[in-house]
Amino acid sequence: MKTTVPIIIAFLSGFVMILAFFVSPESVTFGNFELEPEVLSWVTIVGGFTLLLGVVSIVRVNYNAVKRRNDGWVYKLATLISVFAMAIPAVIPNGLSPLFGTGPGSIYDWLFNYLDAPMMSTMFAMLAFYIASAAFRAFRTRNTEATLLLVTAVLVMLWRIPMGEIMLKSIHESIPGLINTYIMNGANMAVQRGIIIGAALGAAAMSLRIMLGIERTYMGK
Amino acid sequence: MNLWLILAYVLLIAAGIFLLYKAFKSGDRRFIYLAVAFYVIFPVLITLHLPIEISPEVRQLYKAVESLPDSATVLLTFDYYPSTLAETEPMSRGALHHLFRKHCRIVTMTTVPLGGPSIAERVTRNLAEEYGKVYGIDFVNLGYKANYVAVLKGMGSSIETIYPTDNSGTPLSDIPIMKDIKSYSDMDFIYVVSDNGIVDYWMSIVNAQYDIRVGTGVTAVMAPRFYAYLQAGQMTGMLGGMKGAADYEMLVNQPGTATKGMTAQSLVHLFIILSVIAGNVVFIIEKKRKRQGAKV
Amino acid sequence: MRRGLTISGINVLAILLMAFTFAVWPLSAPVMADSSQVIDDSTTPEILTDTLSELSSDSAVVSASDIMSDKPAQNDSVFRTDRLNALVLMILFSIVILVYTKWAREGKRLFIRKISGLDEVEEAVGRATEMGKPVLFIPGIQEIDEIETIAGISILGRVARMTASYDTPLLVPVRYPMVLAAGQEVVEQAYIEAGNPDSYNRDIVRYVAGEQFAFTATVNGMMMRERPATNIYMGAFFAESLLLAETGNAAGSIQIAGTAQPAQLPFFVAACDYTLMGEELYAASAYLSHEPLLLGGLKGQDWMKILLIILIVIGIILASFGFGDWYFSLFESM
């Protein structure tokens, strides 16, 4: 029962969504009840309840670390303060003060624009440094494929910068055009399509296995 | 060209080579990070203007927008997070310069809750002031609504159902520009600027089903994925990363942060290429030494 | 013990589905246009999912039933004839998968090629055990309704069983609460099945942050402090892929990654020791378990791919000679 009921629910849920894809919407509409949109709304509602789980988890883990004065407990305390500093003013109704709520001028908005957004940009900017060190380490002519990877990467990197385009054009006028045609619109596009098709087939096969109860590891079985 | 500028850049390149040598010697990657930091910060302070070659896909997008009649209606999306502002905001700015210059009517919206509406508000109003455009008459910001599939699909039949009010809470019925813009069929072009996979939905839901032209600006990492759409003719032009944004700025004759960023991008790319080549030279020499050592 | 629905049950369901299709297809009675419009959750893949704030306000949420339409439905019949080609392919796909699954159940030996990354998972966990360091596992950064996350959670179950057997510490930071719930369930079950329930601690799987880069920063900090011996990234990743992989490299971890995001594969290939590409991620659960039923599904999927290749080659030949419009129309929506 403990295993069968979830499998049946998984099968029926999947079957309903497949059916909704092939059948015109009016056929699965009963008065004000529309099947597919209704199911999609249920997903949102269930997600809302599970938000509490996340908050409980983050508070418990960090609180325990602060209580035990583990290494770096000060940062855990900062995490807890940040969670509540942002959440509490945001949920208080805006009517009480313009500082509350999530609209422009609120504490939430200020914290987002002046702390969160710059930090997000900083993390993204770190990619530039990491790409440099990854390229430095990974692009080695160990074998033919690695050499091909290296040469292609160098050509595309040159193609994407003005200085590089000038250098390539000085060798031959048509080289940037050839890179665009044969590398970006040729090999790159073919490989992207191949990977996407393969991944889509893999996802479809996995979905079918889940629906039929063959794959049950996601349930812990 | 200014001799001091040339000298400054020569010194910069020499510093980079020195740091690369230190990285090899010590094996500490932080020398590489330091070199990258120099190559990013320095050009921002002392810009070297480089000639930019326009990519064909950028030119395609420019021509598509240029061919729109004046006073055409364009939907401009701000589907990006604050983390990618460096790449995507110049695209939005370039698009707005182009569209405002052509006196197009602009409807902006976003499918990104974190920062999307406020970025749209800030960027659009900032440029509108420059062109003397009036909110509600020349442009409107619809803001954000959750459930992006429903939003994209729903706007095909009724924008007002999805967005009863604009981002500030004004009912759409009270906004003059929206009086005759009811759905995609009242629009001439969709200009999507995005840093996430929403572009696939714009193509599959909107372009495929409502037969409206869609042009995009995406980050450099995502750009290779969308050449398939370009080749199939589904996408009308694409700006790929900061280079694409810089190309567009050149075409609309409004050089901005993307054009300035090209110098930094050029230097960093050249440094990475140099480090890769140097690394391989060292690798090959060491390999030969090991082989000779093994023979002995 | 029989797994899942029985083959005869599956046959019945398949027949019912086909019968339903052919029964309703000829119906041409006009359907009353209702006030709602279908939300088309198409086959396109990944997107960065919205975070907590999409649930913060009722007025910000569009429910599908809000969408009013005065236009009549495009199709008058119950069945969407413009999707007939998709239905045919889907049925064919299902039949191929089920046939191979049946053969696998009957004991037929199925060859699966070697996937180095997956072969190394046990070695990597062993390395962590020897070093006395934890294993860090990240099941992607998308929600539980994404198939990549489910694949990641499935692999987590297998890895958790290994860490439970070897009594190796396991860290699983997650980005969404539903993934937290699923992950905790899977890991707890793995520890029970491995006969080591006492080592299970519900904080093995922990929710760290809902925002992409906040999650990345937290995990990077975890890597630099805890110095895991092994990092396993299995699921959907986006811009943070290189940040995670490079930090893991700096921390001296052995790294195995798997994702179906084409844009992130180059970063993982450059920074990780082993990378699973695209469908190898979905095959991982079957590969690690060596269960015949799951392997049967893999083989079926491969035959489907061969069929698609044949169809593409036929299309190329026809297009090269300038005819075959009828062939291309078979694959278009009507």
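As written, the chains take the letters A, B and C, and residue 1 is the first residue of each chain.
Simple rule for what comes next: a contact is a pair of C-beta atoms (placed from the backbone, for glycine too) under 8 Å apart; a residue touches a chain by one contact, two chains touch by 3 or more.
What you are looking at is a predicted structure, and each value in this text was computed from that prediction instead of being measured.
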Task: Chain contact graph, described as a line, ring, star, complete graph or other shape - done: complete
Task: Chain pair, A-C or B-C, that carries the greater number of C-beta contacts - done: A-C
Task: Between subunit B and subunit A, distance of the C-alpha-averaged centres to the nearest whole Å - done: 19
Open item on the list: Can you work out the whole-Å distance between the CA centroids of subunit A and subunit C?
Closed with: 13
Open item on the list: Taking the mean of the C-alpha atoms as each chain's centre, how many Å separate subunit B from subunit C?
Closed with: 30
- [ ] Mind pulling the residue numbers of subunit B that touch at least two other chains?
- [x] 29, 81, 83-84, 114, 146-147, 150, 224-225
Open item on the list: Using the touch definition from the top, which residues of subunit A touch two or more other chains?
Closed with: 37, 40, 44, 116, 120, 123-124, 131, 133, 135, 137, 139, 192
Task: Residue list for subunit C, restricted to those that touch at least two other chains - done: 37-39, 41, 43, 45, 53, 55, 61, 63-64, 211-213, 239, 262
Task: Of all residues in subunit C, those that touch subunit B in their complex - done: 37-48, 50-51, 53-55, 60-64, 66-69, 71, 211-213, 238-239, 250, 262-263, 333
Open item on the list: Give the list of subunit A residues in touch with subunit B in this complex.
Closed with: 37, 40, 44, 104, 109, 112-113, 116-118, 120-121, 123-125, 128-129, 131-133, 135-137, 139-141, 150, 153-154, 157-158, 160-166, 169, 176, 180, 184-185, 188-189, 192-193
Task: Complex contact set, residues of subunit B against subunit A - done: 23, 29, 32-33, 35-37, 40, 50-53, 55-56, 81-86, 114-115, 118, 146-147, 150, 220, 224-225, 227-228, 230-231, 241, 243, 262, 265-266, 268-273, 275-277, 279-280, 283-284
TODO: Please name which positions on subunit C make contact with subunit A in the complex.
DONE: 3-5, 10, 21, 24, 31-34, 36-39, 41, 43, 45, 52-53, 55-57, 61, 63-65, 73, 75, 77-80, 83, 86-87, 90, 93-94, 97, 101, 143, 145, 147-148, 150-151, 153-155, 157-158, 176-178, 180-182, 185-190, 203, 206-214, 216-217, 221, 225, 239-240, 242-243, 245-246, 249, 260, 262, 265, 267, 269-271, 277-283, 285, 289, 293-294, 297-298, 300-301, 304-305, 308
TODO: Write out the stretch or stretches of subunit B touching subunit C in their complex.
DONE: 29, 81, 83-84, 112-114, 144-151, 153-154, 157-158, 161-162, 196-198, 200-201, 203-205, 208-209, 221-222, 224-225
